[in-house]
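The structure that follows is given in the form of structure tokens.
Letters A, B and C mark the chains as written, and numbering starts fresh at 1 in each.
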């Protein structure tokens, strides 16, 4: 069993509270990603698991052990640091063997494990080198190797890919995922990059200002964000938000955004009753707007007209910045029509994928 | 306000005077050293005259042979050497752990501590040496190695601590934390990771500390009756007016300092300079 | 108690240094200040007898003014020449490496030794007089160590030779930390050589200048070896005066009074300087 459980954990630095009442269970063998903007406390959470930060209040369990006051060395965890933190005075082999030596493993066992890890990571030919003779990607592998030789209960990774160039980052992303499939050990992975979180995590915990906003699978987080922060943070380009008013005409519900008015499908109306006549925030992802002319004719009550401001071509698709009334909207469209600044465009919402948020507390209504 | 024409003039003046100035400065820098070596290698008729020549007319090794054979060199040399070495070892052992702790303090606290280390320099050495000397008389520590080592530590500890704080600051905290996650206790993380990495920095600091003690004059003067250290032996010959002996002793005193200064010049950064390459 | 436990290792590591500095620097200084107010014969405290005694002594007054003059002239010359040489070194010229190496020469020479070689130069039959004689500037040799301003200038020269390179390297480090773009921007804005120096270099260099000046001032006030070797008793400064009171007259109490006055002078200078430069900063 190597669950990691936070029970009502708080962390203060002097007067400043950086983690508020954290409750989180990281399941055995799971790949959990902690994601959030910089300064949100995600690294602090990771370092609390490692034992590098003391917990101010609450309880933290690894497996069945309460580890609040346990020093890092006794927690049976391994960590990959953002800047790798390889020991510059040791060669690759010694770097990987260091933790095992400190734990007084027999020499052959150390040798076997280091060689095994080196072959998994394809760094056997580098074992004699010093860290300064390695490239960024190689250092990254050594840092991972150093943690896997230990066969710990939990791997902790603190933005391990942020120092790599874009291409290498994509490669290593896949490699770390593969490694996790192979080892089936619990991984807690910190990143500020939502793409990394989406592609690597089995579950994602989105964090803001020291509290968890939502914990779920990537798909659920994407499709059913719990609040405006999660909705805006996950996904690129970010979700569009427009203020609008809920109107009820007979049994039909409409969203009035002044520039346009659209009808909410029957299936989604049930929670809207309470918001009748009130302001809400209407959210929709750029890819959930479509420009096919046919659609605007068949779905007249979910269409609007926008004026093109900027077009960014990405190859297979394009990002179009539009304005409608006083609102700015970003849409991701197929590259079919040639668009230029000032063009008028008929657009249709995919009404099954719209989101509504309470204006006061920003929580999702639907 | 200066007009454009004036500025061109200034630029021209600078250009015109640059090389004469550079050569003049280099000349001034070199001359005293040349004269020291010259005096130690010149026959008396070159020196003890109303009008000494600027070049060596009558070369001789005699002064050097006299210094080496006289038997007056060995004891002061030994005293300076042993005192400098032991002072350095103790200074490292006391200052390195403390400097490490200081380097890991929060920025504000660290700044205050460094500043107070710097403040110890404001105390006049004669004011510190006086009560130490008065007390050492009672403790029978005058003329001893122990006494001089204790006094030299006063001089070198703030200096070396200051330097080492800078050295440790360059070692990322992540490294120790990695070691602790790898299974090291705080102490093991220090001895197996932090200190080995900072070894070269510590070594350089040690060498400069050694020189500080090797050259030290003021405390030695207060704490010595007859067992002179090398600087005091040099001073003794100056007082006696013996140019040849004082020149030769001066040269001996200079050799390690000059060697280190030129070999380790890339380390002569602000820290070392302000820490007093005063020697 | 909790702090003691959490930071046990840190405290153990810090303690030897702290104790040593307290025991062997702080307490002796306190002791000196205490002694300076103590009656040499009865041990009574406090008394101003020691201060009254030294204020009445001509040596002390000489020492006080000599210290002030040496510090004043010395600092001015060292900072000016140091800045000029540092500015020269920012230029990329052939032979810059050699020039830099020459600057290291005085650093490779212990202060005591520099004093000794200066005695060869400034001796009445020394090399300076010989040079001046050959240039027909003097007929009778000058007795540089004989006292008065010329002796002080001799000490200033000796001190300058030894420490100007340090000033140069400190200021050079400051100059090199000024980004090149600033100069490019100034030249595009049409600033002349002087304007660039006055309005770009000097303000940006101010922190380095302050640090260097304070470091140098402390050492200049405390100057000991050079006057000791070059001028002996004839031209005392405060440090050597304090030493003489102790060593020659065997009077630690008046020596302590001399040291205390020196300490007070250093403190007044540093805090006065910081006060003035801080206040000017606010005005600008």
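Here, contacts are C-beta pairs under 8 Å (C-beta built on N, C-alpha and C of every residue); 3 or more make two chains touch, one makes a residue touch a chain.
Everything numeric here is computed off the predicted structure, so don't read it as measured data.
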Among line, ring, star, complete and other, the chain touch graph is line
Most contact pairs found between chains B-C
Taking the mean of all protein C-alpha atoms as the centre, the chain whose own C-alpha mean lies closest is B
When centres are defined as mean Cα positions, the distance from subunit A to subunit B in whole Å is 56
Subunit B to subunit C, mean C-alpha position gap in Å, rounds to 16
Subunit A to subunit C, mean C-alpha position gap in Å, rounds to 59
By the touch definition above, subunit B meets two or more other chains at residues 186
Residue ranges of subunit C touching at least 2 other chains are none
Listed in rising order, subunit A residues that touch 2 or more other chains are none
In the complex, the residues of subunit C that touch subunit B are 9-10, 12-14, 16-18, 20-21, 24-29, 31-32, 35, 84-85, 88, 91, 93, 95, 98-99, 101-121, 125-127, 130-131, 133, 141, 161, 163, 165-166, 169-170, 173, 192-195, 211, 215, 218-219, 221-222, 224-225, 228-229, 238-239, 242-243, 246, 252, 255-256, 258-260, 262-263, 266-267, 270
The residues of subunit A that touch subunit B in their complex are 50-52, 71-73, 77-79, 81-83, 85-89, 98-99, 102-103, 146, 150, 156
Subunit B contacts subunit C in the complex at 2-4, 6-8, 10-11, 14, 18, 21-22, 25-26, 28-33, 35-36, 39, 48-52, 54, 93-95, 97-98, 100-102, 104, 117, 120-128, 130-134, 150-151, 153-154, 157-158, 161, 186-187, 214-215, 217-218, 221-222, 231, 234-235, 238, 243, 246-247, 250-251, 253-254, 257-262, 265, 268-270, 273-274, 276-279
Counting only contacts in the complex, subunit B reaches subunit A at residues 172, 174-175, 177-186, 188, 192-193, 196-197, 199
